[in-house]
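Structures are listed in the sections that come next.
One chain, chain A, appears in both complexes that follow, with chain B as partner in the first and chain C in the second.
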Partner chain A sequence: MIAAIVAQLGEWTAPVIDWHALAPELILVVGINLVLFIDLNIGEARKWAMATLTGFVLLAAFVPVVTLAVIGDASREMFDGRYVVDHYALILKAIFLLVAYVVVLMSQNELEEGGYYQGEFYVLMLCSVLGMVMMASSRDLVSIFVALELLSIPAYMMAAWRKRDVRSNEAGVKYYLLGVFASAVLLYGMSFLYGTTGSTKLVEIGEVLASGDLIAMQVVAIAFVIAGLAFKVSAVPFHSWAPDTYEGAPTPVTAFFSVASKAAGFVALMSLIFLAFPTATGVYQPLIWVLAVLTMTVGNVMALRQTNIVRMLAYSSVSQGGFILMPLAVAGTGDASQSAVRAVIVYLLIYAFMNLGAFAVVIAVSRKTRSGEITSFGGLFGYAPGMAAVMTIFMASLAGIPPLGGWIAKFNVFKTVIDAGSGAAYALAVIAAVNTVIAAAYYMRVLRQVWMMPAPDGDITPLATPAPVTAALGITAIGTLVLGVLPGLVLRFGDLQDLTGALGR
Partner chain B sequence: MILAMVPNSTWYLLLAAVLFGIGAVGLLVRRNPLVMFMCIELMLNAVNLSFVAFAVRFGDIAGQTAVFFVMVVAAAEVVVGLGIIVSIMRRRPGATADDLAELKG
Partner chain C sequence: MQTITTDNWLLTVGTFLPLVGVLVLIFIPKGEEQLIKTLGIVTAGATLAVGIFTMFRFDFGQAEKLQFFVDVTWIEVIRSNYTIGLDGISLPLYLLSMVITFLVMIYTWDNMPDAGNPKAFYILMLLLQVGMAGTFIAQDLILFFVFFELVLLPMYFMIGVWGGEDRRYASLKFFLYTMFGSALMLVAFLALFFQTGAESFGFAQLIEAGAGIDRNVQIWIFAGMFIGFAVKVPMFPFHTWLPDAHTQAPTQGSVILAAILLKLGTYGFVRIAIPMLPEGAKAWAPVIAILAVIGIIYGALCCLAQTDMKRLIAFSSVAHMGFVMLGIATLTEFGINAALFGMIAHGWITGMLFFVAGAVKHRYHTLEIKRLSGLLTQVPRLGWILGLCAMASLGLPGLAGFWGEFPVILSAYNPGFGLSEPLFRTLMVIAALGTVLAAAYLLWLYQRTAFGEPTEEFAGRTTHAVGAAVAPDHADDHHDAHHDEELRDVTVTEWIAWTPLLIAIVVFGVYPQLMFRVFDPAVTELVARLGESLNP
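Entry: the complex of A and B
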């Protein structure tokens, strides 16, 4: 054993590093240190500058993503094909950076007025974003695990950010215990995958799994890996942490979790399914089918009975997760494998816009009402018609009403499922259609408050929405509208060829 | 008779499975946040043992490398986890997992 290790050491040469392809990650690393260092040496009165600086770091990281996409020479592989920057990775990196930028806009005033630790918050958020950006390129079990933990560990702290609030502490401890438990389950599955295939590289695992019938340990490994990631995407029955954590955490953090962390979990799930388990359809398809059906149904039914808006949005995001799982449940059947990746990516992008927007409205309104109840939205149309209009856009889009973005997202998902053309796929489509109708009920209940009900206590002083929140609302509302009207902008992203291109060679 | 047998990697895999099982059951049964936390550490170390056993079976270094990553990540998780648990214990001394029920529904 020792001799083997020494022999491997002798052959070691430094890997070739493509600095351009790594530039987004490197800029984020430099930015994290910069924010941390400046935060240490700046007076309390000027801490607001940290949010601006974080915004610039995210925009700077966005530049190489764009240049890489424009150069567009297929995929750049590093470290023996374990870290790949291709179009699939780039579009996901762009989503993560954009979401983080909007979350910075949303959290700025909340943190400043709450007197929370601003510099540290942005450092942790950037670390989490770095993990997500790495996740998009990871093509190896170890780098997927490291990226997942890099994005989760800061998130545990962000959930418990309001240190003196018992509810925030509770949100943090619940998220932490279940999150680490999920990591352990995921890792145990990964160790079995490594143990039965002899490699940690996803493509090589895929080749070994394709070469013969699956043995029992491989089936267990796939089930454990999917269960571990199901926690991260808060799929039922692994969702119990999500509503509690979302309600207890500060609202901008909740927005970040419900969009970015969830998207990162789906990215890991997609990389594993399409690169490592493409031939194990008999194992992962039924598992994900059950997860998808349970997730959308339980999420919707629970959302119906919520009176707190954040909690309702938490269950709504659980149920949206079920829709995003749908294409993966049929990913290996018929024609669906071509469109499944695109359906998931388009859904993640549009969901990011509409869900962030809904949370931005909640932040803007609760600054005045100091309440999280759905009834506190009463009379919004009377004293803030603009806010009522954007809330209508987001709620209608979440419900999937044309011509808004959410409709295109749902349309793609249904199209993929119908493409699959198997009995299970049609059953899934019917269940999802019923769920779309149930979901409309609770989104419309919010709109009923906004448009029809009187303001609680007759308080009709106008909202004082700070500029950053207004900017966040503008970005998300325009995104939701434009993607609904011009879906061609995103529909060409994320063809399966991009992801599995490495397999062909 | 048993003493004469040379332990091979399968023995370690079985031990890892038992440790993982103890950790998982402990997490579900125990109600003290600190003990639950220790159970998770037990699960992570079971994973490490499993990785090393497979690496020895293949004579391959990749599994052992993975263990280093898991150890470093586990150390980072301990720091964050203890921080969160200390802050909750300061507010509510002696709290068990069942007492953490401000948020529900």
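Entry: the complex of A and C
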């Protein structure tokens, strides 16, 4: 047997590696080792430097993303087209790195003051980001799965980071068990896909699926793959882990999950739908239609009943996920397929700004109030008008009120769905419209506390917001505002051709 | 649609100038109240000055054309442009929004609502002004939608923070109702865009292409827009947010709401729904007319049942907007002209009524009709102003209200484009009955509050009623604390804020042609275009 392997070695040639294209990933890998090494060798008093270092690593990884975007007009393929760096991948990598940077800003004081293990935390976070960045380029079942696990496994540990807190432990365990279960379902579906098509490369799978009628096993495979990813994007009915995990995890980690992990799930879903299943519209469209409707409706109705701000944001994030699913439910119908990718990407980007911003406000305010209840926001307008103003921006943006970013995100989604023009699409649009109103009710309830209620304990000392959190608030607030007024800045990204055109489809 | 592009910087400046004021105000410390108020008023005044300059530059001879027209790329990918322009229909509304904001700000000078914080209050009013003015100049559906929604949040906070006791409930109700309407409206806008296959969201393209859509599709799209605009108007049965919002809002909020925000809905019908979807409009016209007349009668009956002066005025808005919608639903030049006049007149008159109600509340700390009496003896000038506004509101000839009601009723006699004459004539009769009811509730209101002697509770307050005048059995009265206050008649600030409106009510009542002359060319063109698509 060894002889056979040795014999094959002779035929093996080293793959061509495009170092520039891989630079973001490589910088992250170096950064992970650097953070780990330095953390082991400096004293407890200087651990704060880890956050700064992590920030620099993320910014450094951002540089090649920018240079690639400036230079690259053609996509760079590696490993037989299984790992591709194109515009689609680059914009997503940029989103992931940006989100991670803002989360680092938000985590710094939280970790320092909580006495958590800072170095380890940032190492795990960088690992997770590496998984996400890889996900954006993965065009193969195996690399998608590896990326998914790479981003998930550190996340399980981050959820349980407050290890002396029972709820945080519960958060971690729940996330872990359901996440592993979802991975198994996903893997099972992937195995069927490989078995019936003979390839793990998405484009080849797509070609085989397009060549004839789907057999039953392929239908099952698609359903399983979508269900497995539905866990990651916390789509109803696979969402049950999300509220508990979000509530139990440290708030910056929750922000990271609700934006970055979710976005990674959507990226995998998009790559699969547009490259592997583009012809299987009859299978994935109804499935995602139902998921989208359930997700936004159940998420909203549950969010209405929450009294804890983080739980409310958790359900709100579930419901926003439903909106992001909408374009995928019509991704194969008529003209909508052209704009669906853009609608999802723009939504992910804007959602990242506004949701991170909302969490940053929660962090800033709960530092003072030591409470997670929505009522603890009472009187904010009186003692911290600036914070009240940014919270208004984020909540109104999440509710989709122009001229804030969230509006343009929702608008794009509606536009794509109505562009599809089918009866199912119109029904989806109307259901979503009604859901927007339900969602507005709970976002406005927060603003009602902020603006109209007195401080619950009468404590009206001003907030002492640490500089990094202020920076995070600034980045997210400006992003939310500017993208609402000048959405043209990001609407150029995410053409369908970015994803499929390079592959000759 | 023809356009004129001279002086096309004017509208942009006029609309966004308040934002400059907002930016300045943000950096002024909260404590500098006088400075904040002055700056707010100066900004609104400067905006109004730009507006008046715009009016002088407006070519009234070509009022049917879009003037000061700008068309710049805004969001290329979704094919939405920054397209703005002003014609005879929008010019009066655009100016109205500026005048009202300016006057309300002057009024706020010494009538700041109890919650205080003029900084936030003035910033919100300036933001509102941007949204209102922007809605009237937008010539692109997406731009229109953005401005249309921009007014939501400031008004939500205005009611919710500075309003009455039930303000939180009222503000949320206002917000959710409007949001619901606009969500469906947005779906309708997008459906319209894709059904026409238009090049952009510009009004001109959509008006041209809209008529080509299949009739059934038009009816569905119109339904979506109908809900969006009807909630804003508000039409029966979508009106229930209005009495709550009006009653709970601070005086300033009520005035802005009544004078301008409600007009965004009717304006939407005239500017967007009807011209873009002629077949849909024709199919929906009877429904709109019936709901409008139900609104007239229902609003009037509710008025008769009210015990609170402000709530009564709020319900009278439902009735008045019913007349406006009836005029629009006739789809005739005559009806739409009258409806537009009604919009403006209602803005002045009901705005004034809310001002007066605010003044009464300020002096008596109540608006309960049965506790008020003898305004004419205690505060005669205020009493007379209330009288004038009540007369104008009930449609007395010679005052502005008349020209918004009487021609509407007349126009329903001969609806356009083969709409059912028996139906509209029946509605005409019922609407005419509505004017009788209007006279009844307004005169009754006036009689109860202004005539007679002041109630025992407030008697003797004009004279120097110090301590001795208060009977011992009044000791448990809630308003005891205010008893020692001297009642003041109309103050200087109030005179400054109100006189322009009072003059307008009289001048345009006597010489309505001043206004009709502006609307008419644009309305004629609108109806002519309807004719082209409905009777080819």
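The rule is short, and it goes like this: the second predicted complex is superposed on the first by the 492 of 505 C-alpha atoms of A that agree within 3 Å, B and C clash if a C-alpha of one lies under 4 Å from a C-alpha of the other, contacts with A are read in each partner's own complex, and residues count from 1 in each chain.
The rule is simple: contacts are C-beta pairs under 8 Å (C-beta built on N, C-alpha and C of every residue); 3 or more make two chains touch, one makes a residue touch a chain.
If you're wondering where the values come from, they're calculated on a predicted model, not measured in any experiment.
In the superposition on chain A, A:A440 makes contact with chain C only, while chain B stays out of contact range.
Touch criterion met: A:P487 reaches chain C, while chain B stays clear of it.
In the superposition on chain A, A:A171 makes contact with chain B only, not with chain C. When the two complexes are overlaid on their common chain A, residue A:V430 makes contact with chain C while staying clear of chain B. Contact with chain C, but none with chain B, is seen for A:P385 once the two complexes are overlaid on the shared chain.
Note: no residue of chain A belongs to the chain B contact set and to the chain C contact set alike, using the contact criterion stated above. Those residues of chain A that touch chain B in the complex are listed here as 1, 4-5, 8, 141-142, 145-146, 149, 153, 156-157, 160, 163-164, 166-167, 169-174, 176-177, 180-181, 183-185, 187-188, 190-192, 194-195, 198-200, 243-244, 247-248, 306, 311. Chain C contributes residues 30, 74-78, 120, 142, 145-146, 149-150, 152-153, 156-157, 160-161, 167-168, 171-172, 175-176, 179-180, 183-184, 186-187, 190-191, 194 to its touches with chain A in the complex. Across the interface of their complex, chain A is touched by residues 13, 20, 23-24, 27, 33, 36-37, 40, 43-44, 46-47, 50-51, 53-54, 56-66, 69-70, 73, 76-77, 80-81, 83-85, 87-88, 91-92, 97, 100, 102-105 of chain B. Interface of chain A with chain C (complex): residues 342, 381, 385, 392, 396, 399, 401-403, 407-408, 411-412, 414-415, 418-419, 421, 426, 429-430, 433-434, 436-437, 440-441, 444-445, 447-448, 451-452, 487-488, 491-492.
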